[in-house]
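Which chain is which? They are A, B, C and D, in the order written, and residues in each are numbered from 1.
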Amino acid sequence: MIITIDKKMQDSIKKNLLDTLYKKGFEVLMQEGIEYDVLLLTEGDTGMCCADIRMVEGVIDVFENSSSYHLASREFHNEDSIVRVNGCSIGGKEPLCLIAGPCAVESKESIETIGMAVKEAGVDVIRGGAFKPRTSPYAFQGLGFEGVSYLVECGKKLKKPVICELTNIAHIEAYKDVDIIQIGARNMQNYELLKAVGKLDKPVLLKRGMASTVEEWILAAEYILKEGNPNVIFCERGIRTFEKSTRNTLDVSSIAVLKEKTHLPVVVDPSHAAGNWKYVKALALAGVAAGADGVMVEVHTQPENALSDGAQSLTVNHYEALVKELEALSVVLGRKCR
Amino acid sequence: MIITIDKKMQDSIKKNLLDTLYKKGFEVLMQEGIEYDVLLLTEGDTGMCCADIRMVEGVIDVFENSSSYHLASREFHNEDSIVRVNGCSIGGKEPLCLIAGPCAVESKESIETIGMAVKEAGVDVIRGGAFKPRTSPYAFQGLGFEGVSYLVECGKKLKKPVICELTNIAHIEAYKDVDIIQIGARNMQNYELLKAVGKLDKPVLLKRGMASTVEEWILAAEYILKEGNPNVIFCERGIRTFEKSTRNTLDVSSIAVLKEKTHLPVVVDPSHAAGNWKYVKALALAGVAAGADGVMVEVHTQPENALSDGAQSLTVNHYEALVKELEALSVVLGRKCR
Amino acid sequence: MIITIDKKMQDSIKKNLLDTLYKKGFEVLMQEGIEYDVLLLTEGDTGMCCADIRMVEGVIDVFENSSSYHLASREFHNEDSIVRVNGCSIGGKEPLCLIAGPCAVESKESIETIGMAVKEAGVDVIRGGAFKPRTSPYAFQGLGFEGVSYLVECGKKLKKPVICELTNIAHIEAYKDVDIIQIGARNMQNYELLKAVGKLDKPVLLKRGMASTVEEWILAAEYILKEGNPNVIFCERGIRTFEKSTRNTLDVSSIAVLKEKTHLPVVVDPSHAAGNWKYVKALALAGVAAGADGVMVEVHTQPENALSDGAQSLTVNHYEALVKELEALSVVLGRKCR
Amino acid sequence: MIITIDKKMQDSIKKNLLDTLYKKGFEVLMQEGIEYDVLLLTEGDTGMCCADIRMVEGVIDVFENSSSYHLASREFHNEDSIVRVNGCSIGGKEPLCLIAGPCAVESKESIETIGMAVKEAGVDVIRGGAFKPRTSPYAFQGLGFEGVSYLVECGKKLKKPVICELTNIAHIEAYKDVDIIQIGARNMQNYELLKAVGKLDKPVLLKRGMASTVEEWILAAEYILKEGNPNVIFCERGIRTFEKSTRNTLDVSSIAVLKEKTHLPVVVDPSHAAGNWKYVKALALAGVAAGADGVMVEVHTQPENALSDGAQSLTVNHYEALVKELEALSVVLGRKCR
């Protein structure tokens, strides 16, 4: 149940209402607004009907909500949420957010060279993996803590926020200067990790699990929101299907569905979906046309020598050309100019 | 093997070459060009090597082709094919082709009312089903031959080409005035039907089977091309996956893959993919951004009363708005203005 | 709605009841039993309630049915249906039905050699394809009508019923001596073909479409049943999923679901599911353990030289060993001894 | 590369060989056998050829291995591995291992009541979840540490080993008396967790991720094996497909594939695959017929009141009947009597 109350509701009435709700067994989450506050009720005595609550003085509106999630729902928060980090905004009508960089940080020099190149191409956030979840234990696993610090230094030098994937609760302290925490597809339902990042005060980019439904994905976001962190960004990166001409099947419909059902920003990752740089441009454009607020792309100065995912990395030249097309497209679609 | 020969090759040499090829057991298909002819060889004696053929006077080039299909491949025909029908062109840099109409022809009046409305919105081809392949034998099966004739009349009256799905070889005669034959998803691997439409001299729009890979789809087109009909148009309409928030998962990547591997035009059908009119706009835009040459949409003047697929049909107003957005988008993407 | 009436219901009352039902717009299908007749009503006036009908003298029972299909449902026909053909029975507690033979009939000699071998191994029905639906138009397409006649001759000589896949309505006449008609996975939703075989008086083995849900499959059977042919046998042959270590994913759950929801026999085809002879035994046993009434296996005397599907064909020796294991298993599971 | 060396190889030669391998950059894992030792080499200088090594005195055999995994492969360890824990053995020709209990430990009394009941039915290992990974943050999350201790106490009282799912590295200490650690489907690619349990000296049951290929699953096991823990048990619990009549699609083929490619034991979990108790029996039998070494089933004394997964839990009576059928089946299949 979701109850909207007037900011000016008398304190005694408010206390009474809350006491009653607690007694009925509800768990109450409050979100403060400018003119109204919103109470979100979960579980509790179903015998308590909306009509009773609606009669309390100062209660503006009450309704049963229809989805299995609450905090992520447009029913709870109708306006688009905008996530802001270090001078970069994502969501609503904000300009398209561009995230780029190598799959993995390979060395101090390499991340800075690539960072510089994508900065010149117009990027907003620099990406780079440090602890790489690889299917095989014999594959390159990333530089670990060293990789995190190279990426952070690079971001400071270039004055750009950075994003890095977190795979272990025990590493959180080492990620304190990372601007945006990425939760990868394989960890989308690692609920212990979700709860941990829900306690941080930095944005979390939540990739879709490779066989997760949109509803399960929103519920994973709900785990983070419930712990108090409102800054969740979804990232569509393709799902697993029978089709093998691309690495995954980019599900652009999910972007449209998320935009209808939730208020949170959505980013598209065409690189992991395609698995082949040749298709990255078409998928990036398609994702933005479907409503994505940002685009995360793997870029490398020497894709042929990349330690991981070289086949799907764009060269700097291709990336520059893509940025121009994305900007033209996003303006036609009514998004603010960069 | 694909052999390019000079138009000016001496007849005796050509006869000799062909004789040799036949003796070696090859089946030879010839496509005549302006300066060159192209010979496509299938099966036959693998002992015959390219080098021998390359030495024949008048042979320009010979190569082993790398894919399992031939006629549909860019290796065989590098330039974009453009399909033309009754004043409408589709493919290459031609303006975006707009196809719209009801799921099923419901009556003479109804198809004309809807036809008129979509014509005013700027449509190029009018659609309408007559023999509807329905999952349940108890569901509305379409008006049959009557439906075909209402659609044809409507097209003549409005001076627009029409497209109608064919489900039975025995019906071909009744479709003689239908401009474009549609092969539905359920019949994509009905090879007997494919061979039959391969003998017609009208364009065939081939929908993707709901669990068909891109390669199987191209091979289905190859069945049509092999019978002599070069006018095949692919239509991506979503594939079956685990995701249930849309009826099917629109695979925009397939559009990019088809554009790379084949020379044939591609249309996107966002209505069947979405299964919900709310997502049709986002998916139509995404399909065009990914490279589609046309968009086929279900439109109804009274979606709530449609005899089939009402939930996914756009109203005329929504369709008019969509057409404007599609045009703006296609210009940004470098397509000719309509 | 399903109405059970007493055989001894007075003719005048029966006529009255039927008249009323027709007037209300119902389509009525009658199935005659020994003591009772069953009326199946589809569509019609929903205003007509069960209670009114229940009061008619001679009406034993009336109920609304809960699934989207009727004739295939256990609600309509509670006992297991047994399909009988030329001395072979399949379904209920009948002994496990063994179907085997080559993927395609390759020559008169070849089908007879293989037929003889599988007969000695204990087979009940001999299989062999004549018109092969192949993904590529350049692959071996089968011997066509010649193949059908070789198979029929072989069956006569060995006094065993034969099964052959039908892909074209126009071929039906040529299949008149084929004992069981097979509808392949690619044609499961070729409704025109289903309606045509629904008018025959011979059993139809209906393979599951490679991306068809169990419900769609039952509805495809309903198309056949509705035309008057009650002898439908389901055949699970694997579905398409992301997994690639087998050609398809054998869905043994579907066998359990079909057995609960319908009264029709179910056969398992481990060969097409596995795509690799090494896994055929395990899948055959699993299918029978899950409840299958029969097993269809591809067997070849020289799998390495088979013109199609050699990789998944068992040798005769392997097949003989499999038959012994299947028999032991089916006895443990409570099935009649062969 | 895999090198088999004679136990009696001279120490100096052995040291020389190892030194050379280290210098060439190989990582060497040694597994000691009775007559032979096996060296597994990963990465390293590809310039070093098998022929050179084969000539070293005492080297029995050398071969390049063909799969992406090593320790899990039959190429590395040809005989079936048998995992033993507290008097219970699983794998090879050992009797079928029966694991049963509630989805979640709900109270001290409840786990003991259910534990007692399944012990009487003949169970080998008692299951019960404590930290439940639930799709929704609002669903029952398990009793946590309390749940672990109730389960452990129950096992001690009934003298049966217990199995419990681990979801967080930080909980490992609290699981010290749990006999078998379960890694759930959602954590199959939580590599940090896999590495952590690879350092324990207790068996790990590794469930298949819901969209993981068999190869990815074996590679996940390889993460555990590589850390030194050889006691990995696979558990097939169904994969995600388009089919919705069961919760997941039990992939019995995976059991056959695992048995061919690896030496590790495999358990089948029909409860999570079915999602409906009605289909549990058929799937349990199918799994064993396909080669599974054990069966894990959810059983509850009051399924209708279970706090989670009640719909798929068997009653005690149904479970007793199932055990009898499983035993009869496993004897027919050549497994040792219990």
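Just so it is clear, a contact is a pair of C-beta atoms (placed from the backbone, for glycine too) under 8 Å apart; a residue touches a chain by one contact, two chains touch by 3 or more.
These numbers come from a predicted model, not from an experiment.
Peer 1: Measuring between mean CA coordinates, which chain is farthest from chain D?
Peer 2: Looking at centroid distances, B is the chain farthest away.
Peer 1: For the interfaces A-C and B-C, which has the higher count of C-beta pairs in contact?
Peer 2: B-C
Peer 1: Would you kindly tell me how far, in whole Å, the mean C-alpha position of chain C lies from that of chain A?
Peer 2: 49
Peer 1: Distance from the CA centroid of chain A to that of chain B, rounded to the nearest Å?
Peer 2: 37
Peer 1: Please tell me the distance, in whole Å, between the geometric centres of chain B and chain C computed from their C-alpha atoms.
Peer 2: Whole-Å distance between the two chain centres: 34.
Peer 1: Two-or-more-chain contact residues of chain C, please, as numbers and ranges.
Peer 2: Residues 211, 240-242, 244 of chain C each touch two or more of the other chains.
Peer 1: Once bound in the complex, which stretches of chain D touch chain A?
Peer 2: These residues of chain D touch chain A: 42-43, 68-70, 133-138, 167-170, 186-187, 189-192, 209-211, 216, 219, 222-223, 226, 240.
Peer 1: Can you tell me which positions in chain D touch chain C when the two form their complex?
Peer 2: Per the touch definition, chain D meets chain C at residues 211, 213-215, 239, 241-246, 249-257, 259-260, 273-274, 278-279, 282-283, 285-291, 328-329, 332-333.
Peer 1: Help me check something: in the complex, which residues belonging to chain B touch chain D?
Peer 2: Residues of chain B touching chain D: 211, 240-242, 244.
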